[in-house]
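One structure, pasted below without further comment.
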């Protein structure tokens, strides 16, 4: 059971889309993403997942600089788990999804899938903690962000 | 004076757009693109420019794998010149443009601009040569590709 | 309890060193490794860990191309788990360690630590499977490699 | 004719070495450096060249953070020119050299070669400017750095 993400009415569709509580961005694989094995390099999926999180926050009205400058909050990754099921290749047209699995006072856990059509290539679970953007000390999630990180 | 790129009628607008003979893709700056100087890392612009070239070829009907598998041609970069005018930053919404500056029997030269609104942040001139995708030997540009690489 | 790695007598010390069954490579942090948060980008540690694995295999007499061309075997990552304990910063002089946690007929699990002196910054558990380098099908670990991947 | 770099007597040999006025670092090619063409990705050479510059500055007693914190100076790249002569491949053992081509009041130009034995694979000319690390305004090269950036 997962929390359902709420789509803001004014979301910029170019950034991504919401389907059934899941946010998703499109992704084209270029040479920069691949390695000499002919597939996407295993470290690069963490970048794709960051893009999905930032696009989601942006559609919710919280670009990273707004979060840092106006709401004094940064996200830092504390844990990442990746399962590599199938390789992605040059020119593939993928989607990277995002779901919020769990949220606590000072952290949030995302689940990302990297999909090629209906096939799941990579699954990621990423835990982030919130820091005060001035002191770099752990801090609670600002109230204004809560509706975007859980719907309870 | 530059060649004008011809827009195919069925271009997928999500990939990029044509304005006045210039093809352009949108780009959001994420943490993965930046460095500890607080700006985009100088090497990463070459990746952005590759994305623009691949998106252009795709809108013309020539994804990289189609080029390699059906038309037996690969592009390799032989020269790159970059001028860094202004830094791009986290969360910036940029465009990367592409123009074809020159085309010869076995090569093509692209000019790319990385723009933030009307400001030009980085200018790149990238020369590519065509190789046979089986022999990796230099080869001439396939006829079918020529209309996409020049309009003469 | 972990397997102890055996140092080959002719190991090139420039690649890394063995201390108490742990192999370790030095690492300097450059701008390319960092992000606008002023710290190493969370995805880049997976590259550092790959460097440690390849250096280890090389000191054991098995550079990747020798493995693929002579022993017909490739490693692919099937799972990665990372815990981010402390941030690494520009100019940091780090070490990336490697231990073999488990080995089976067709796979091996490595544990990596990214250390700054005695401080552990990041811990990684990386599972790899062996593929035949011609067919890309799963295959057993070649006998000649076994002493390097376990000491039983 | 190029300026000759002066080796400091206490240089850490692990970082690089000086031969005939040229500073050089060793480099192993890993999967992270390559692309699906089976060769090193064209954008990654700029990272290799940064590593050579930082290692050089470090052997001269000026790690980047010392430059920023004690001498209040940052380097920013203003121009890069790369010629790709031959491809580097997985497992290649390369060297990246550094020479100082020109130095002025507020800038320095480096030439880098990426070598595989005696073969030159890539040639780079990188121009950098000095900024005050507090104001981010252009500034003159600090006197203490001059002997490391020219020997006149």
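Order of writing sets the labels: A, B, C and D. Residues in every chain begin at 1.
By our rule, contacts are C-beta pairs under 8 Å (C-beta built on N, C-alpha and C of every residue); 3 or more make two chains touch, one makes a residue touch a chain.
Since this is a predicted model, take the numbers as computed values, not measurements.
Asker: Pick same or different for copies chain A and chain B, depending on whether their interface residues overlap by over half.
Answerer: Result for this pair: same.
Asker: By mean C-alpha coordinates, which chain is most distant from chain B?
Answerer: C
Asker: Check A-D against C-D and say which one is joined by more contacting C-beta pairs.
Answerer: Looking at contacts between chains, C-D has the larger number.
Asker: So how far apart, in whole Å, are chain A and chain D when each is placed at the average of its C-alpha atoms?
Answerer: Comparing mean C-alpha positions, chain D is 35 Å from chain A.
Asker: Just the number, please: Cα centre separation of chain C and chain D in whole Å.
Answerer: Using C-alpha averages as centres, the distance is 27 Å.
Asker: At least two other chains touched by the same residue of chain B: list those residues.
Answerer: Answer for chain B, listing residues that touch two or more other chains: 31-32, 37, 41, 43, 47, 50, 89-90.
Asker: What does chain B use to touch chain A in their complex?
Answerer: Spelled out, the residues of chain B in touch with chain A are 14-15, 26, 28, 30-32, 47, 50-51, 54-55, 58, 63-66, 89-91.
Asker: Quick one: which bits of chain A touch chain C in the complex? Just the residue numbers, please.
Answerer: Within the complex, chain A touches chain C at residues 37, 41-47, 50, 74, 76-84, 87.
Asker: Which residues of chain C touch chain B in the complex?
Answerer: 31-32, 34-39, 41, 43, 89-90
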